[in-house]
Amino acid sequence: MEAKLSFFVHLVRYARGRSPWLFHLNCGGCNGCDIEFLACLTPRYDVEQLGIRLEGSPRHADILCVSGPVTRNTQAALQTIYAQMPAPKVVVAIGSCPASGNVFADSPSVVGPLEKFIPVDVYVPGCPPRPNAILEGIANAIEQLKTKPVTGIGGKSHA
Amino acid sequence: MSYTIPIGPYHPALEEPYKLELECEGENVREAHLQIGFNFRAIELIAQSRNIIQNIALFERVCGICSNVHTLTYCLALENLLGIEPSLRAQYIRVIVAELERLHSHILWAGAAAHILGFQTLFMTCFRLREVVMDLLETISGNRVNYAMNAIGGVNRDLTDPQTIRDGVRQIQKAVEGQLLPIFTNDPTVRARCAGVGILTKANAIAWGAVGPTARASGVAQDIRQAQPYLVYDRFEFSVPVQESGDVLARILVRALEMVESCQIIEQALEQMPSGQWKGQLFVELPPGEAVARIEAPRGEVFYYIASDGSEKPLRVKVRTPSFVNMPTVRLMLKGATLADAPLIQASIDPCYSCTDR
Amino acid sequence: MPSWFALLIFPGFLYAVPMGWLMLWLERKILARLQSRIGPPFYQPFFDFIKLMTKEPLRRASGEDIFYLLLPLLALGATVGSLTLLPILPSSASAVGDLVLFVALVEVAPICLVLLGFLSRSIFGQVGAIREATLTIATNLPFITALIALAYASGSLRLMEIASNAPLATRAIALLALLFCLPIKLRLNPFSVANAEQEIYQGALTELDGWRLGLWELTHAVEWVALSGLIASLAVPWRSGQAILDAILFALLSLVLVVVLTVIAGATARLKLLQASRFYWRWGFGLALLALVVSLFL
Amino acid sequence: MSIWEILAENLRQGVVTLRYPQRVPPPARYRGLVQIELEDCVGCASCAYVCVSAAIHVTEERETFCWSYDPAKCTFCGRCVDACPTSALQMQAECPPIYHCAGALAVTYTRAYPRCEGCGKPFKVATQILRQRAYTEVSGEVETLLRLCPVCRQKEAIKSMVEARRIKEATR
């Protein structure tokens, strides 16, 4: 029984590591990180080589990629979308903006940084980071995703 | 059955948060409401609390796609206020970077349009081509998106390798003429989606004050680079592509032809570029007064106004971006269109919400 | 051949599920190669499935989950059921009128998807459901007409007899018409409006998460096998008699169809709902009608 | 080219993707983390003046000054490097590393002011680069003077002035 369970847990962890789906969220950034994120999908970088798919619905996603300093108007949507993602989930903050607010830190309409609202697992520094750095950040997030607890269909948790 | 379908603020087709509420009748759009402001970062306000050198980097982050446009216009306005003129070589470098940025912006847009059309292969083709421009810009400036090239009275980095740029630009011109133009104009599925969709008439384009490629696709021949040349644009031979039909296809064509013109401007600039001083200077104070500058960004006219009271910080910086004036035309184009056309039509003006919201 | 073998082993679950995953992977991989990309690693859909099944889904109203569980399972069962009717092996169970049964079973999955879209109560799900329903109707006219042409030409409603008796001309035209219908049934470009990501998120699937989505992905994989299998099994008139050889030929033919469909999907933009319907009513139906006329006069 | 030709061309060319973790190396001008050569820093805070996102702070204590830099706030614009009068700042031509909690990459360097050779009090000293810029030739006498704090330098100047006057009066 124990051996079967551990095989199951290993399989799930392995599958998670090979099938992370992304959802991308721009929290009021300048587009710079977003176009570099988009560039990750394209032939030169191709995130699909890591088994990644960019999803249109947060309900399908495992990794939330956030760019932008979190403006007053996007904050509610950010929290809703994070809540809509089923566990296990990890958050990647792309660029300086979600980490600190960057040049907008003292703006009255910026409420960030991101970690005030949702837990952040990986920071990718840069303004904007190169696509290969974003890939590295996502690969790092995948490693974190694997370590999250495994729950069976019955909802039981296997550490 | 009538229903309201919200597109955004977070939507797979859009890079930026904004909301388009479509009142639909079946698949047909009856009315469209646009809601912006998700990107509002109060840049104009925080610019008043920063000194003029800090503001160069701040305005670069108004928009990540046309970052160079904003610093260029800001620096031009500052130079007008200071009454100085950058050296000739600096002006040529600025032109080359500005045109490379136009190339990158238009290719990005073509890719985004293909993405919205659901044409993944074309999207990938465009983005593969875009990497050529990005590599050039990264080699020149040290960053793929925020180039930090402009300084007051000059540029921050010299162009050291004109041959690489020439090769890259030729490769882009060949690909635009050989791949993008024929597919966008001849491919049956693309034509079926773009031709005759989202028409903006010339009268409407003028009445609603459209600028840039959106206006030029509706037959309004207007380009600041020719109407009121800045930098050294009066030294180049180039034409301004104009289309009459005013539909999505026309806007695609205008941008594709503009890319070819940009390639030619860059080649001419590399040919003519003199040697000499290029470095900017560190100004810490402005004379009291006001100044404006306007240039032709990839999306249309960008306008900057600066007022100073003689201190190190500007009293007011006002930015007017092209997307802001182009956006209301989307409502005209959307009426009577189908739901499937809506994302394409709104994307066809190449809207930049982070520019607009600031 | 006992029917439990057909249902559970070949061409049922044991064959259909891995084959469906292989097809989904092949589709993504070929598309990637056509775009000069690497594409997903081998057996990607299998890992996607395992991952989706073990996610912690968000809590829904208690009555809803029964639908999220039953509808995909119903669709899955019906699609596997339709697969067992295909005349792959000489020994395949073939009953009178199994063509009609096949059509009925293959339609269960789209209907379930439409229901899922409506049940999700999301506007995107509902628009996706409406689009799916419209397309199903648009494509069924040529689909059924082509099958009628085949049945008429071979004088039987038995799939096995159609496979062995249909005359070449009718068979070719009718199968082409059937091939026309596949992109819409598998929601591929240029007829993927029903799940047009750029317009309505994931259409009917927008609100599904975790195992609710995983079950549907599984159904979708089996749909690939069943629909490409229909054409693959009707394309070749002779059977070797060797069960293994026939099965391999069938599998290979199905994979060739995946390649063809993927290349078409990679070379086209997405058409609008009206354009897609018009295409089917005009060209798809025209072709199927031609097959019918040919079968009447030859 | 039609789309079919492009597809065929893509197939013929094969995969252009860089297999992760392969990558295009950053160009020589790449703007990565800002690095300081503490020896050359004079603590003038020009970098902090031009920094738009307050990533660089220079704080002065009585005996030391601190130069602190937080890459999480940095916009990587390179203004600080251009503004540095002594070229003490450089940008790494390498992507900054991924990190896991905010502020993990922040650095603070503290430099003690050298002590005056006369009175022993700490004072801001001109670095080699500044000295060379100010004086075409740094003579031994200037070198000795620069090792003194401004107060001692004044004293020294008065002393030499008194001395000069004494010699002048003696020779008269």
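We call the chains A, B, C and D, going by the order they appear; numbering starts again at 1 in every chain.
Following the convention adopted for this analysis, a residue touches a chain if its C-beta (ideal position, glycine included) is under 8 Å from a C-beta of that chain, and two chains touch if they have at least 3 such contacts.
Keep in mind the model is a prediction, meaning the values are calculated, not measured.
Comparing chain pairs A-D and C-D, the larger number of C-beta contacts belongs to A-D.
The distance from the centre of subunit B to the centre of subunit D, with each centre set as the mean of the Cα atoms, comes to 36 Å.
Centre-to-centre separation of subunit C and subunit D, using mean CA positions: 65 Å. Measuring from the averaged C-alpha position of subunit B to that of subunit C gives a distance of 44 Å. Contact of a single residue of subunit D with at least two other chains is seen at positions 3, 7, 10, 16-17, 19, 24, 26, 52-53, 75-77. Contacts with at least two other chains are made by residues 11-12, 57-58, 61, 121-122, 124-125, 128, 143, 146, 187 of subunit B. Taken residue by residue, subunit C touches two or more other chains at 34-38, 197, 201, 266-268, whereas all remaining positions touch fewer.
Taken as a graph of touching chains, this assembly is fully connected, with contact between every pair of chains.
Across the complex, subunit A meets subunit C through its residues 11-12, 14-16, 18-19, 42-43, 46, 48-49, 51, 53, 55-57, 59-60, 62, 84, 86-88, 150-153, 155. Contact residues on subunit D toward subunit B in their complex (touch as defined above): 1-3, 6-7, 10, 16, 24, 26-27, 29-31, 49-53, 75-79, 82-83, 91. By the touch criterion stated above, subunit A contacts subunit B in their complex at residues 25-36, 38-39, 41-44, 54-56, 68-69, 71-74, 77, 81, 102-104, 106-110, 127-128, 130. The touching residues of subunit C, when paired with subunit D in their complex, are 33-38, 263, 266-268. The touching residues of subunit A, counted against subunit D in their complex, run 43-46, 49-50, 96, 99-103, 105, 113, 115, 120-127, 129-130, 132-133, 135-137, 139-140.
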